[in-house]
Every structure is written in C-alpha cells, then in structure tokens.
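One chain, subunit A, appears in both complexes that follow, with subunit B as partner in the first and subunit C in the second.
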Partner chain A sequence: MNWKRSLIGAAIAIPVVTLLAYGLTQDPRELPNMMPGKPAPEFALPVMDAENDSIRLSDLRGEVVVLNFWASWCVACRSEHSILYDAAARYQPRGVRFYGVLYKDATGFARDWIARMGGQNYPNLLDPASHMAIDYAVSAVPETVIIGPDGKIAHKQMGVVTDSLMRVKLDSLLAVVDK
Partner chain B sequence: MIGKLLLIASLLVPQASAPKTSPSDSLLEAQVREVGSKLRCPTCQGLSVAASPAALDMRNVIRTQLKAGKTPEEVEAYFVSKYGGWILLRPEARGFNLALYVLPGLMVLGGAVLVVVLARKWSRAGAGEVIDQ
Partner chain C sequence: MTRLLGLTAVTTAFALSLYGLITIVIGVRTRRPHLVRSGRRAAYANFAMLAVATVAMIYALVMHDFSVSYVAQVGSRSTPVFFTVISLWSALEGSILFWGLVLAAYTAAATFFTRDRLGALGSYATATMLAVGSFFYLLLVGPANPFRLVSPLPLDGPGPNPLLQNHPLMAVHPPLLYLGYVGMTVPFAFAIGALLSGRLDDTWLKETRRWTVTAWMFLSLAIIAGMWWSYEVLGWGGYWAWDPVENASFMPWLTATAFLHSMMVQERRGMLKVWNLSLIVSTFLLTILGTFLTRSGVLSSVHAFTQGNIGYFFLGFIAVALIFSLMLLAGRSSELHSEGKLDSPLSRETAFMGNNLLFSVFTFTVLLGTLFPLVAEALRDEKVSVGGPFYNQMTLPLCAALLFLVGVGPVLPWRAASVKEVKKKLILPGVAFLLAIIASFALGARHPYALLAFGFAAFAMVCNVGEFVIGAQARRRAHGESALTALGRLIVSNNRRYGGYIAHIGIIIVAVGIAASSTYSVEKEATLRPNQTLAVGDYTLRFRQLWGEEQPHRFVVGAQIDLLRGTKEVGRIDPRLNYYDSQEEPVTTPAVRTRFTHDLYVNLMAFDRDAGHATFAVWIKPLVGWIWTGGLIVALGALVGALPLQKRRQVTAARPTEVVAA
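Let's turn to the complex of A and B:
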C-alpha cells in the first residue's frame, strides 16, 4: 500500500514542483524582445534642425539602418554616445545609415546635450507623440534597432550597445549587401 | 446657513463650467480606458496603461486606432504583436498560461477528493473500533 501512496504523492508533487521551478527561472519584469525577424514598421519623421527635411524608411530599402532611441534625461545614453559615435564614423562611409530618435524629450534639451557631449555625427529624428517608438516596442531608452537590407529587424538592443555588438551585427549585414 | 449655501454653490459651479463631451467622445474615452486597463504599462510595470501617467502616448495610440475604426480586440492585438503576451495584465488562457487557469481548480478538486477518501477511511476505521469493543 505504501508504494501506491508514494506513487500518488509523486504524481502530484513532481508537476507542481517542476512548474514552480520553471517559474523561478522566469523574470516577470523582463520584456520579451519580439521585434527581431519582423518587417521594420514604416515611418516618416522630420529631421531635427533640418527644416522641411524628413526621413521615410521605405526610401532606405536595401540599406542597413541603425535607429538609436535616446533622450537627454537618459543617464545610460551618455555612456553609449561614444560607442555610437565611433560606430557611425566607421560604418557610415560603408553605407550604413545612422539615425537618433528623440524619445519623450524636448529639442532644446537634446541640442544642449549634444553640444555637451561634443557633437553627434548622424541626424536625429523627431517622434513627439512616440508613435514610432511604440511601433518599435520601445519601453525605455536607450534602445537600438538594426534594420537589414531586406527591411527586416535584424537586432533590437534593449539597453546600451557595445562596440563588439555593433561590429558583429553590422559586419554580418554588410557582408549580405556586398554579395 | 450662508456657509451651507456657499458649499452647495461651490459644488455646483465646477459642474456647470465643466467641458461638455458628446456621447461619442465619452464612448470613445470609455473604450480607451477599457483597452488601457487590460494592458500593462512597459515603464511603470505595476500599473495599467489606463492608470499610468507614463503611458499617455500609449493611450493616444489606442485612441487614434479606435478612431480609425479598429475594434478594441484589434487594438489589443496590435500591442500584443509589439510587446508579446507580456503586455496583457490578464494572460491569455492558452499554451503554458493555461496552467494558471486549470491548476487551481485541479488542486481544489484533488484536495476535495483527498478529504472525502480520508473521511471515509477514518469513519470506517472508527466503526471497526466500535465493533471490536
């Protein structure tokens, strides 16, 4: 009779413990990164400090595009600035298009921030109602989206990018373009 | 008496000067609140999009999409397509999430069966002891 009881106990306990163990491996606060592999949502946004100039994603088809969502109030964006600056200096001559996207910020603060940081070597897009940010599932800044020449999102970095990440992702996408 | 009249007047004045909204506006706002209350704010994760001050832009997107003729279900589906099922405050009852809905019921049922089985066993054992005596 004892083995029968043990068997029933195990049959109940094992699935419950397994379920709880699985639950402990999950972080309920961690946002899933759903965008890679999906077609990049279309946008047409004005360029900061360039009157009547706007950028439309559909005009960039066939090119590698880097979109960096940032704000002057974002502390982590400061440490990322030099990485993106260097990456833009290295990859823009090879055809990669870099754009900053101002997130929940005023242009005056953004201009001051850029001046304090020693400049920015790529244009910034204005998304005052955050429609583009929501389309790209941005939840906090900095976030960086890399779009491949096929128009699909190749990578979405939630948080600060690293120099090696930029090199690996952009080199692999440029290899496809060069083929 | 004068104090009471002043109090009544003060309560009435703001109502009289409140902006008038058309029935369609209030219906739209109710729909925005309803959809927003089902979605989690990605910034203030403990709050819904309807309640979070940081989710004003998301509420505007909900409003724009509803105005454009999308149904509340389609608007929810748009946010799920961007942020995944995580964005729903009440997880969908499918896949692994189904365990959340099924397990509590199963455990209650299992507990009830256990209680009945043990009660019958103990009552039988009790009856046996009485016969022995």
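Let's turn to the complex of A and C:
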C-alpha cells in the first residue's frame, strides 16, 4: 500500500462529496418556478373569432398582462373561470390586459365551453402548434402568467389561481405603473 | 407482535453485520481462522433475520396491521391483495427492507460459495458486503424504520402511490432492479477484498464473473421493464426521458457493460488491471449514487416518491465508500503491473478498449447531464434543467459507434489479425450495411442517425449471426452433426462467448426498435364526439362512448373505441383514466396494440361527462415491440453466459498450474 498515492484518491473524492452535500441543502422543487424575473418570451398570436386581429407582446410594453392557458377539456379550468371573470371585470378598467390562451384544443369546443360557462369578458389567443405554451414552459393547464410593465414575468401560477392571489399580484404591479 | 418480531429481526441483523465485520477483520489481521468462521456464520444468520423481517412485513401488509408504520403509510383495505403484497417496495422504508433482504441473500450466497477457498481475499469480501449491509440495516433501525408503532391505530390507510398500483409490471421492475443493483455489490466486495489482501491477480475477477453477469442480466431486464412500465402507464407514448433516476439505473449498466468486456482483456492478456478495479468500484458507487438521487430529493424527478433526512445517511455512506475505495485503489495502483501489451491495433483487445472508451464517455456524459443542474446551481446560482436534446445530441454518435463495434469485435481475433482475413470476414456485413441503408432510404427513412443505426444494425447482426453459422458449420464438418445439434453443442461448448453474442443480437434488436420508434412515430390529438372518427396512418378510430366503473380501490372511466383498418373492423380498444381516492390527478391506462411492425397507442387525455366528448392522443410507433423482445434476448444471452456449463473442463485445465505451483 502506497499511502502517499492514496491521498490522491481522497483528493478526487472530496469535491464530489462536497457537491452532493451542497445538493442536499437545495430544494429541487423550486425548478418549475424558474420563470419569474425573466423577460417574458415574445409572441404574436391571432385572436379567436377575429382571425385578422393579432396580439403582439412587444406592443403591450408598459402594461400589466395576464395570460391564462386553458382548455375546454380541462376540469380545473371550470372552477377557475369565475375567478378570472371577476378579476378581469375588476382590473381591465384599471388597464390590466387579460388574455386566454387556448391550449391543445379546438376552437369549436372552446366556443361551446365559453357559451356554457356564461361567457368570457376578455379575448382568447390561438396557439395551434403550442409554440407559445412551450416558450412559457406550460406543463399542464390551467397555468397563469402575469407579466409586469417592464416586460418581465412577475408570477407564474401552475394550477388554479385564487382571488386573493390575483389581488395581491395585480395591485402591487399596478402600484408600480401608477408611480 | 408482528411489529416487534420485525423490529427485533432488523435490529439483530444490524448487530450481526457489525459483529461479522469486526470479527472477520480481526480474524484475518491476527490470523485466527475461528473468528473468520464466526463472522461468516453471522453473514448467514443475517440473511435469516432479513428473511424473517420481510415475511413479517408482508404478513402485516396482508393482514392490514395498521399499527405498523409502513402498513399505515402504504396499506389500504380496498387495495387488491396482489398490489398489497408488492407495495412492499412502493415506498422508501419497504424498499430499503427489500434491498436489505436481497443484499443479505447475496452476501450469504457469495460467502458460502467461496468459503475456505480464497483466504484473506474472500474474508475481506464478506467483510465488505457486511459493511455495506450494516449501512442498510442502520437505515432500517433508524431513519427508514418500517416497523415503527402507530398510535392511535388507524382504521384504514391511503394505499400505495396510485402510479405504482396501476400495472402488474410494478411487481417485476423493482425486484429486478434491486437484484441488479445490489448484485453489483458482490464483484465490488471481491475487488475490495483483492485490494485489501494484496492478492491482485485475476482471482477476484474469475470468482465473481458469474455474479457480475447475473447482476448485469437483472439490471438489463430491470431497465427494459422500467421502460415498458413507463410506456404502459404514464400515457405519454414514450419509454425513456433521460430523467435523473432513469439515468441512475443506466449509468451502472454502462460501466458494468464496459467491465464485462474489459475483464476479458485482463483474463486473456493480464492488462487493464487498475481499469477493471476502477470500473467495478464505479459501478457500485453509481448504484449507491442512483439510490441517493432517488431517495434524497437532491434532483427533481418523477421517481422521487419519498424524501426525508435519509439523504444525509446516504451522503455519509457515499463519502466513506468513495474515499475508502479511491484511496485503496490509488494506494495499490503501483503494484498493479500490466503483463501484456498491445500487439496490433487490429485486434480484439483494441476493439474492447474502444468499447470501454465509448462506454466511459457515455457514462460521463450521462453523469454530467444528471449532475449539471446541481453544479450550475452551486457555481452560478442558476436553475437549469438538462433535457432530451442534450443527451440525444451527445449520445447518438456514441450509440452508432458502439453498434459498429458490436459487429467488429466478434470478428477480430485476439492479439493480431491479418488484414486480409478481416477484410474477407467483413465483406458480407459490409454488404448488409449498404443494403440496409438503401432499403430504409427506399422505405422513406431520412434521419441520418436512423439510417446509420439501421445500417450498423444490419452490419453487426450479420457479424454476430455469422459467428454462429461459421462455428456450427465447422462442427458439422468435423462431427457430422445436424445443423441444430451443431448449433446447440457450439453454444454449450463455449457458452460464455456465445452467450455474449446472443446478448449482442438482443442489443441490436433493441437499437433498431429505439431508432425506428423515436424517429418515425406519427402523433395525432383530437377531441371526438360519439361516433366521430379519427384517421391516423391506415387506422381509423371511431369513438363510441364513455363508460364508468366503480372498483373497490378506484373509479375507472373508459372510452370505447372501434378500430378499423380501411373499412374492416379489426377490434375494440378502451383507453382508460383511473381515479384513486388518494390523488386528484387520474392515472392513465393507455390502450396499446402491439404488432410486429408497429404499436398503436391511444391515450384518453380528458373527457367531458356532460357533453360526452373525449380528447385522445394517438400514436403509431414503429417497432416498439422490438425493444422489449430485444431486451429479453439480451437477458437470455446473459443467462447462457452465466450458466456453469464448463466446470469440469476448467478444473482439468487448472490442474497443471497447481502442480507447477506446488
């Protein structure tokens, strides 16, 4: 046994162990929320039932934007409908832009769904190839992205939004705009 | 009662493993054989204790004894008995118990079969296995104790994780994985035994070859079964996602595969000694690392079912094992001289070294991708995730090169080949390579790696099948045997070699299946009303209706679909969603129709009960069935290679050296 050489072995082992030890102190569950603070990916998408009309994110700079990814086949989206409806009714007059983004769904079903739910008070964007959903790392609907006036993602909600969440996030962003 | 019995058994096992470890080390150091023998008996008793503990746990599960913490965690009165029994490995504590059982069995068996034959090497090997064991039994007594008392007594439990009770493959995948993973402890222990005892010839290699091949067989089967489970349950139409925990099972497989090849170079030529020791040490450490990643929640993964402070225990164990083995290896490296040298660049040794180089790069790539998020976070405080594109870009060239070597290796002789002979042997495979590429191009394949894969697969297939043909023909000429007899006797006469070639054939089939299904699948998604149809490829799906069924442990919603090819009705399929009480999100059961050339894979994505319509994702994936078939052939090859068919010949062959030594 050559003990001097064996120290080389130990020297190789220690950084590996240190890295793993560091890993233990971190929470991997934070990963899905990596979006906040990053610039919101650009999009230009047609508006449902007004196909000649399209919305471009860069045109909305300086405004607070709420994007709700949803689908008619999504059960949780039904319970979210009234929350978003109320939030849009309250905040659209104050300048917040609300858009639904149809996720992996056919426009026909979406129209039926909106009619059955009693209407929707904001426009829907069509993302037929899911490019936008990929850019925004949507893994399941519903997901809601709130973009601040600086064009950066202020919040990404995976799953159903709550009334209080919408109030807290939008009020604080509007406070910045008003300043 | 059951709880106390189990608790006593695991506590005794912990004490016994420490006792065995200490007595063996002292016994060898002070040359007191009775101490070594006593330590060995501790290893046998250890196995008995683990068997008692496992039986106690299964009994408690089946009897719904909710006073036992593990039963309260994964048991449920409504879960069918089959899934109740296999929920032994559906959560952390039970998995560790099962791991302990498998390890104790391997330890007892490997100790028994090598007792009194290998002196200090064997004794140290047993001590190493007991040391590894003592860590797992410590977990069972401490942070992963499945026999804790639950009070007040619950009336019922939540049942196992729905994902793990949705398919019978869950009865197969985890045990195979543990048999493979834990099995790698045996060659590791004998390698450590060799390093500690200073007996650095190839004794440890020869003694553990069958153990290694067997463990490798189980690990191969486990990976294939895991892919199959993912394909049949998760409903995304795929079988591999480079998830950290998939990688964790794959990395030791890569190093073990490299080891299976490079060990032959040491046996034949006395080369690569340090390398072989490093490979088996890496394989073992990667199995522990894999478990650490799964069980500690260091990396985000769909497999990270449980978390807890167990991570720190694993970290401590990895640290000790890594530092100990690397120090030992580095310290002994100067005593490990290479006996032979490369005679020619055109030889089987070179092919094996190429193979090892590729496997090492492959392992490193996967390890890098798996740990990179951790490194990036540590150094740059950045959250990144490494996905499929990285791995595919990095590993596809490696796969193509390996596939090429699978063909070239068997054709090349040891030491040095004559260029002329190799050329002659490679003509037919070369023709097959070209024909396969032309044929796949004509059939519409355009993806460069897929074309390369089909070409090299044909090449390697002809090379490997050719070895059987050439060998069997020689026997027919020499002994006048019938073709089948000649083939059978050929395999038996050198089962190790031909088992290897059978495994090659399996790997080639798997490679073709992966190349075809990952590049040429057709995907469609649609929402259908009753009696609406959807055409995918030459199939037409007619959605009939939704149905629901209340089962004891879940509620099942299915979509009845008539399947047509052209206008002819060929069958009915029912993709389903299963709603378990313990989880809001349903677990899917896609309808998979496997045919020789393709799979039709239909997943029910969502449905609207009021409107009666349903959304489906439909895939037609070519040659998926080849992956599972190929995997079975790989295992068959390993089995053939591991069978002790030539014991008698080895003994007679060994005698002259013994005489010389005496």
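Following the convention adopted for this analysis, the second predicted complex is superposed on the first by the 148 of 179 C-alpha atoms of A that agree within 3 Å, B and C clash if a C-alpha of one lies under 4 Å from a C-alpha of the other, contacts with A are read in each partner's own complex, and residues count from 1 in each chain.
Following the convention adopted for this analysis, a contact is a pair of C-beta atoms (placed from the backbone, for glycine too) under 8 Å apart; a residue touches a chain by one contact, two chains touch by 3 or more.
All of these numbers come straight from a predicted model, not from anything done at the bench.
Judged by the touch definition given at the top, the superposed model places A:Ala44 against neither subunit B nor subunit C. In the superposition on chain A, A:Ile12 makes contact with both subunit B and subunit C. Of the two partner chains placed around the shared chain by superposition, subunit B is the only one that A:Asp135 touches, whereas subunit C remains out of contact. Of the two partner chains placed by the overlay, neither subunit B nor subunit C lies in contact with A:Ala115.
In the superposition on chain A, A:Trp3 contacts subunit C only, with no contact to subunit B. Within the superposed three-chain arrangement, the count of touched residues of subunit A is higher for C, of the candidates subunit B and subunit C. Judged by the touch definition given at the top, the superposed model places A:Ala89 against neither subunit B nor subunit C.
Contacts of A:Leu24 after superposition on the shared chain: subunit C is touched, whereas subunit B is not. In the superposition on chain A, the residues of subunit A touched by subunit B in one structure and by subunit C in the other are 12, 16, 19, 29, 31, 34, 104. Of all the residues in subunit C, the ones that touch subunit A in their complex are 198, 289, 292, 296-301, 304, 311-312, 315, 318-319, 322-323, 325-334, 371, 373-375, 377-378, 383, 385, 525-527, 605-608, 611, 613, 615.
Interface residues of subunit A facing subunit C in the complex, by the touch rule stated above, are 1-3, 5-10, 12-14, 16-17, 19-24, 26-31, 34, 71-75, 104-106, 109, 112. Here subunit A touches subunit B in the complex through residues 12, 16, 19, 29, 31-32, 34-35, 104, 129-131, 133-137, 139-140, going by the rule given at the top. The residues of subunit B lying in touch with subunit A in their complex are 42-43, 45, 57-58, 60-61, 64, 81-84, 86, 99, 103, 110.
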